[in-house]
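So, here come the structures, one by one.
Each of the next two complexes has subunit A plus one more chain, namely subunit B in the first and subunit C in the second.
Presenting the complex of A and B:
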């Protein structure tokens, strides 16, 4: 008898955890920062979609390039039209995995490994992030450098001194259980 | 004398041309962002139709709607405040997605007057489609 009860209990609990398997945010924040002797350029995006599968630690992030807001309208125009060509490549994506996600402490530092796609070019990426897990939140925060040339983004020679060759990308996501 | 005068006129002309050039380029460099509330909407559409268009053919919808000022009419399904900015979700015929209107910071105080189920007109700039159609810098019309 006992094994059967154990099996039933196991099934019950696994289906319970199954119900909250995905955590998600639609208002994730991503920004990038370019520092050069001539000027600092910063852009913010507060519409990032990020989904974590808590069963596997897999993470998928989608970013609309046109959602990056710059201080100056002209910077935004150049960014979209000339550099990342957002009409052609409207999204940047990251698909990967939070390593050892299932066995993590509630607050810790994690390694995220996966593939980052910007401007139609995919590169592998490994970065550290801070994670905080609670019942109804998964916070994820971190930053990593991106070499502009790695993603075939050409900066015209006229403004080559205004834009850093390596920009800093920061992210800050507050995932909540996906109930739909 | 005449040659002197000509030289002076030419010099004056060159200086004023340079000055005009500097003024124009400075104003171009500091061109301000679009003031959505002052602009007329380029497209007027229901939130259901807007979502449907993106769901059916995202590429085509992108060429049609991206960076356009869109006035959407829809029913409010959700109201949130995220980092002091209001986000209003409007209905679609699909239960997984909505039209998400991220309000301009100057508009957020108005959301206390809104409630779920209310029909509303919102004007904003479309930046694309993730799980939802995204509008930013949105202002509430009525």
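Presenting the complex of A and C:
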């Protein structure tokens, strides 16, 4: 009998002790901004999933492409149909690490390093971000440039002047403790 | 000692669990939302007739369609380009599911008003609904005064009604098919033998060649055609070219009109005899209403 109790206790204890080590958000905000002489295009996504493992500083982000909201409905359709091909590549992902996460001050600038996958193409990425850690929140905010051509996204010649070659991607995540 | 081993085992299992890939957790946590097939067709028309696509809420589209004369008229008529039949229309998305429009065709100086409502939408994933279904209705007022003196038609004699059920399925990103049973009622007919109610069955489809270009076809089989004229079934082939903001369609068809009651029931040319009309549809979309409050969602207040 006693070993069983031990097992149960251990199980309880182990899950509890690890529970606070992951911080998750399901409604992170990511937007991108393309600026060209003809028009500015902006799209927002408020359903971004991001998770941080506080033990290792590892971070994983998953973005559903169809959740990007554009000002013009037709733009959104063309974005999904022709540019990022959301049927074939439904998600953009980032897998990486927040450097020196464990030793960080509660509010500081960090470097995030990892691999960004968009449109089925993976590129390494290193960017600065601001971080703020509190008891039950981890805020992460930053932006970085993305070259459209790097991810095999074609821009047809008729709209080549409407879409910037490098777009600015911004993110803002409010992670909360993740419990199963 | 035994207990100690168990403890170690448990602890290591615990570690395995936490080492679970972060992406697996994200996948588990991804909310399951219902998704629908999008862009079954590029435009609101397959070629002559309507596709199941609507304009989204708040979009006003100005549509210009042209059908020229028969290409086999020869060089003297510049292969039909000297003759032209044009339809202007304003088409508007009242909601994401309901679209309305008004148009004016030069052929018979006809005015038309239509609605198109999405009844069912094809879903994505297992156990989702397999097809999209839309209901289309249109009324046409034929305003041309081509009657014999003293034989003036009444206002109601000038009216025609079309009802269509549009059933479509996007089989793959590159291939879509649509079937459209049609019912056309004409308040007046030329001779006694002409039916007031005409039934037709249409089929249309598209095959994508590239991301921005597709080849389309459309055919309507009339079950009980008009007797007063020698009618043919409407057939059309064409290409959709998407140019950034809008869709441009180039069409070859044996029909010269762009409204249902005419091209389904009144086409008289034989496609395979060379009685082909060149045509195009072009539209310009304007967005109303939905102007997003800029920056509204944008990081309401930065936490940092």
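Basically, the second predicted complex is superposed on the first by the 163 of 180 C-alpha atoms of A that agree within 3 Å, B and C clash if a C-alpha of one lies under 4 Å from a C-alpha of the other, contacts with A are read in each partner's own complex, and residues count from 1 in each chain.
Heads up, the rule we're going with is that contacts are C-beta pairs under 8 Å (C-beta built on N, C-alpha and C of every residue); 3 or more make two chains touch, one makes a residue touch a chain.
The shown structure was predicted, so the numbers you read here are calculated from the model rather than taken from an experiment.
S.K.: If subunit A is used to align the two complexes, do subunit B and subunit C fit next to each other or clash?
M.R.: The answer is clash.
S.K.: Is A:26 in contact with subunit B, with subunit C, with both, or with neither (first, second, both, neither)?
M.R.: A:26: touches subunit B and subunit C.
S.K.: Once the structures are superposed on A, label A:34 by its partner contacts, choosing first (subunit B), second (subunit C), both or neither.
M.R.: In the superposition, A:34 touches no partner, neither subunit B nor subunit C.
S.K.: Going by the contact rule set out at the top, does A:82 touch subunit B (first), subunit C (second), both, or neither?
M.R.: A:82 contacts subunit C only, not subunit B.
S.K.: After superposition on the shared chain, which partner residues are touched by A:156: those of subunit B (first), subunit C (second), both, or neither?
M.R.: So A:156 only meets subunit C here.
S.K.: Contacts for A:74 in the overlay, against subunit B (first) and subunit C (second): which applies, first, second, both or neither?
M.R.: both
S.K.: In the overlaid three-chain picture, which partner chain does A:139 touch, first (subunit B) or second (subunit C), both, or neither?
M.R.: After superposing on A, A:139 lies in contact with subunit C but is clear of subunit B.
S.K.: Tell me which region of subunit C runs into subunit B after superposition, given the options 23-31, 167-175 or 257-265.
M.R.: So the stretch of subunit C colliding with subunit B after superposition is 23-31.
S.K.: Which positions of subunit A sit in both the subunit B and the subunit C interface?
M.R.: 26, 29, 46-47, 49, 62, 64, 66, 69, 72-74, 80, 87
S.K.: Can you list the residues on subunit A that touch subunit C in the complex?
M.R.: The contact residues of subunit A facing subunit C are 2-3, 6-7, 10-11, 14-15, 17-18, 21-22, 24, 26, 29, 31, 44, 46-47, 49-51, 53, 55, 58-62, 64, 66, 69, 71-74, 77-78, 80-82, 85, 87-88, 93, 95, 107, 130, 132, 137, 139, 141, 154, 156, 158-159, 162, 170, 172, 174, 178.
S.K.: Can you name the residues of subunit C that touch subunit A in the complex?
M.R.: Interface residues on the subunit C side: 2-3, 6-7, 10-11, 13-15, 17-18, 21-23, 25-27, 29-31, 35, 38-39, 55-59, 173, 211-212, 242-246, 285, 287, 290-292, 297-299, 302-304.
S.K.: In their complex, what parts of subunit A are in touch with subunit B?
M.R.: Residues 26-27, 29, 46-47, 49, 62, 64, 66-67, 69, 72-74, 76, 80, 86-87, 90-91, 180 of subunit A touch subunit B in their complex.
S.K.: Under the definition above, what is the set of subunit B residues touching subunit A in their complex?
M.R.: It is residues 28-34, 62-63, 66-67, 80, 82-83, 85, 87, 95-96, 100, 102, 127-128, 130-132, 134, 136 of subunit B that touch subunit A.
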